[in-house]
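Two complexes, one shared chain (chain A), two partners (chain B, chain C).
Presenting the complex of A and B:
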């Protein structure tokens, strides 16, 4: 009898509190906090279709669980943690993204966004979300697309073609070094690629926040991927929203590969490019002109 | 004879009903005043849990419902509490940053246990006899407290230090270890050294049950009645662990070499003073688990794990003047089983199974050598099967309903005179947790839980009892002892 009374009291309480706690404020908080431009955004990533709304663990629900603290309920990068974060979280309402396979100024593909979420961004608070199931990441892509009207009026750009990598030779490295000098990459990235060029301290992003050029000598992986092809793509697409422009109209594909091969020599890893450069530099100490102003580097 | 009479029962439940009404009123007030989470006054509280403060991520980034880890939280822990973006070393943190979090649960709870040997006259004395009765206690209380420091000492060197107290502030070290992560640049090699939780797929330290009878897995702590083995799968152990995982922690393994001291200190078998001395043998614990996505609308990946624990425990002691010094005459035992964490939509189902075996000398509590090494006739090594099915239904990230059924069944009794069901356990738990706000600085959960256990001839593992009623309940004729817990509390992490 006593246990029966206990059970009745308990379950009555559970039902009442479930009704109050779950039925009203919690469900209301999920959507009312988030203010997208559209609730019909979708994404196509491989065989997956992501949904911003309308499915279990939709983009809205998952965005709230994982992303809203930094990117904010409106997707404008003004989450509660944004004030503490450097670099600042991405503003999805501008639909401007660094890591794309598409030409500068165009929208990225869904795969680009998916890869960014999966990879995370080195030297920032954006972690790799690879542990989340793929469908959930696809839903997040749909949610990211829901914050800007651009996705309703524009289509993503056509991904650039990445040509076959040229052989890694000392000639390629040296030509890349010439391009590094000629195209004044050193002004931001510094003569030794340490991110300490004369213009480095003046750089700002599209939100007018200070931004640092990439420091190759730290050995960090690149923001948009770790491979040579990823670095090639960065040259050709540029990193929109940052001072890093696209060189697609300036250099030829084989020159881009030469630049890739040279930049690898600036990193502290044991790579074929670095080995070639070290051997060359040891044998031609007096012939090498330093990179920087008023020199003719070779 | 029953000590509890109908009149007192009615009064008691009247009080309980009143308390329910009061608690619901409080909730109604909170709910009625609810606003979107970001406008809650508590949003301005200047206090931060360790990782939320360090990385700016909300609790929900790592927890399905804290403290239970989700896929991202599992990977984060496996990487040595690092997100891997070259911002993990303390050098990147503001010097004022301190990797500390505190957790405690002020609560009201009711405990009720049946078939207990009680004095017929309270206070005992002349004329009092031992009778079967029930006792009930309820009131406001505190849980134990965790004061957890955890993080990185350097890139790829992490640590954890968890002083934990009981409600009276008697402290012990729940864990304390240093971990060398990503050895040789590979996530497949991570070395942990110290005192730590075993790498179990279903963590008893991170589950969502808090009541006296529900706040432990019976399967993790069961040993047959009369057995001298004090091992518990749920107890943190001391040793060294090699652990590895792939990039998303969907494939994981671990191998631990552990002292046979049950996580004790000073070569004893417990973390509190006065425990028996430990043996000089070492245990081994090995696991392998694999995750996979089940369907296209699951809130997390599903996981399965196989595990085996093998070790030895002393059956005798080297002594001085009769006082035990070192455990000797060690005899083997093992636990082997499988666990799962299956997500179907918003439903999380966690099945668990373990088979246990203890050597006959452990089971009969008899030294395995020497003049006292005389086993009772027909004695055998005890074995048993145990398991549970637990569920959590995530209505949304701020509300989870929880439940569990658990069973322990003896397979082989150590003594042939024991009844086949002596020591068997059935346990049921149900409840829910409501997180009134979700952000990246602190956590609060309203916790409501009811748990009940039936143990045959023994007091429940919760300790809510004084023993079986003799001679009515014996090993050959055990009576069921029911023990229930009702708990309402505010679980906060700061």
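Presenting the complex of A and C:
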């Protein structure tokens, strides 16, 4: 199997070049205990890194140095540090990832994994790996993908389209607020977005570990990026493996932007959305319906 | 010679057109021994639109019993020896109604299409915790169209709604079209079986699955019963 894969990559021109350039120098020191397959992983990450293909052999060495302590030799998230860590390290064998550009239930793109490694995950033990050179991060993407057989039979999903952001207006903020009620966001995230909704204390991730809904009043330490487009993507893709579902089939693009604009009013930073909401709320003190169960079903 | 060829070809066509559908059957009853755990009433007061749909509180459904020690929601299926079936076309229906999953256990064949409806006045998020198949999690507000889904690989998938933590059910994806889910009388029936040697499996969500081997002659009907030992906790 190993020979066959090597042969396949041998004949695919670019891979061959990269194999020589990046794979060979490291291969003498590879620990084969943690190298499930020797293969090159096709990737568009190259457009960012100038490194057209991630190379597992090279990735394995770096993985052993930096990742194995938490994610484990088998990539199942059971590294020796895992028991001390909350949230738990990702289990790569399930190929379920929070931060994707692709629809719920589909595999992420290589860019998504590359971005996750680069960005790290705030509010967790996963640091940013930006200090590693881009080609090494690309090799780690290939390594992460080697742990699940899903990558052999499935293709990544088609990334969701992020439409041009709509203007920030009070109408947009108010409509976003209505959606926050109607889509039951408050059931977990709380009426004021403090992560204290009625279902918050019951939430577990797919490994049955307790998990907290995001507390918007704590700032913008969002796991999958803090820009408006990142928040838009979070609603549409859902964060797989967590209770956060995908809304791609049930809200329109402009509604998703409205929701983004409303969420900015829940945050402590001074934003245009927050200014608009503050002045509206001051002028309409009596006729603002509170978010939560008392307003009844929509 | 020509006639023989014709006969051979036409019989081959018959085989191709219809998989060997027999008229044998395996049926029986699933019961329990021991003391079943008491199911607990579910407090739906946090979701008034659901709570008011139930005159008496809904009970948990981890182990549902019927009269005569019958065990409900047990999936009985042919786990080995089943004849090949053509791709399933019938679309199954799964409802979220009164903040409950109806049915509690939905058995289906791999690649069988099914539709998930939200009949409630509240949003649900439907989150099947698949491990072998892709795991997805979708929001379904009231009045939105049904979610179309299917699973390619056999797997027992717990289903939950994170918004309403008491909601839980199962998708049982099977390699066969020969399956049956017991009702409150605990009975099941597996029909249209040709002669052959079969393994029948019974699965209950809180118990170890049980299997029995059954050899069926042509057109034969056999009775097979399953008994689960249950504990009060």
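The rule is short, and it goes like this: the second predicted complex is superposed on the first by the 241 of 298 C-alpha atoms of A that agree within 3 Å, B and C clash if a C-alpha of one lies under 4 Å from a C-alpha of the other, contacts with A are read in each partner's own complex, and residues count from 1 in each chain.
Note that in this section a contact is a pair of C-beta atoms (placed from the backbone, for glycine too) under 8 Å apart; a residue touches a chain by one contact, two chains touch by 3 or more.
Everything numeric in this text was worked out from a predicted model, so none of it was measured.
Look at A:159: by the touch rule set out above, it reaches neither chain B nor chain C.
Applying the stated contact rule after C-alpha superposition, one finds that A:184 touches chain C and leaves chain B untouched.
With both structures placed on the common chain, the touch criterion links A:195 to neither chain B nor chain C. By the document's definition of touching, of the two partners only chain C reaches A:240; chain B does not. Of the two partner chains placed around the shared chain by superposition, neither chain B nor chain C is touched by A:292. When the shared chain is aligned, no partner comes close enough to touch A:225: not chain B, not chain C. When the shared chain is aligned, chain B comes close enough to touch A:125, but chain C does not. When the two complexes are superposed, the chain touching more residues of chain A, out of chain B and chain C, is B. Within the superposed three-chain model, A:57 lies in touch with chain B and out of touch with chain C [touch as defined at top].
Shared interface residues of chain A, touching chain B in one complex and chain C in the other, do not exist.
The residues of chain C lying in touch with chain A in their complex are 46, 48-49, 121-123, 125-127, 129, 131, 134-142, 144, 147, 162-165. Contacts from chain A toward chain B in the complex involve residues 1-3, 5-7, 9-10, 12-14, 16-18, 20-22, 24-30, 32-33, 48, 55-57, 61, 64-66, 68-70, 73, 80-81, 84-85, 120-136, 218, 220.
Against chain C, the residues of chain A that register as touching in their complex are 94, 96, 103-107, 150, 154, 182-184, 187-188, 198-199, 202-203, 206, 238, 240-250, 293, 296-298. Chain B meets chain A in the complex at residues 4, 9, 13, 16-17, 20, 23-24, 27-28, 31, 34, 36-38, 43, 55-58, 60-61, 71-72, 74-76, 83-87, 112, 247-250, 293, 296-301, 345-346, 395-399, 401, 430-432, 434, 436, 438-440, 446, 448, 450, 452, 482, 484, 486.
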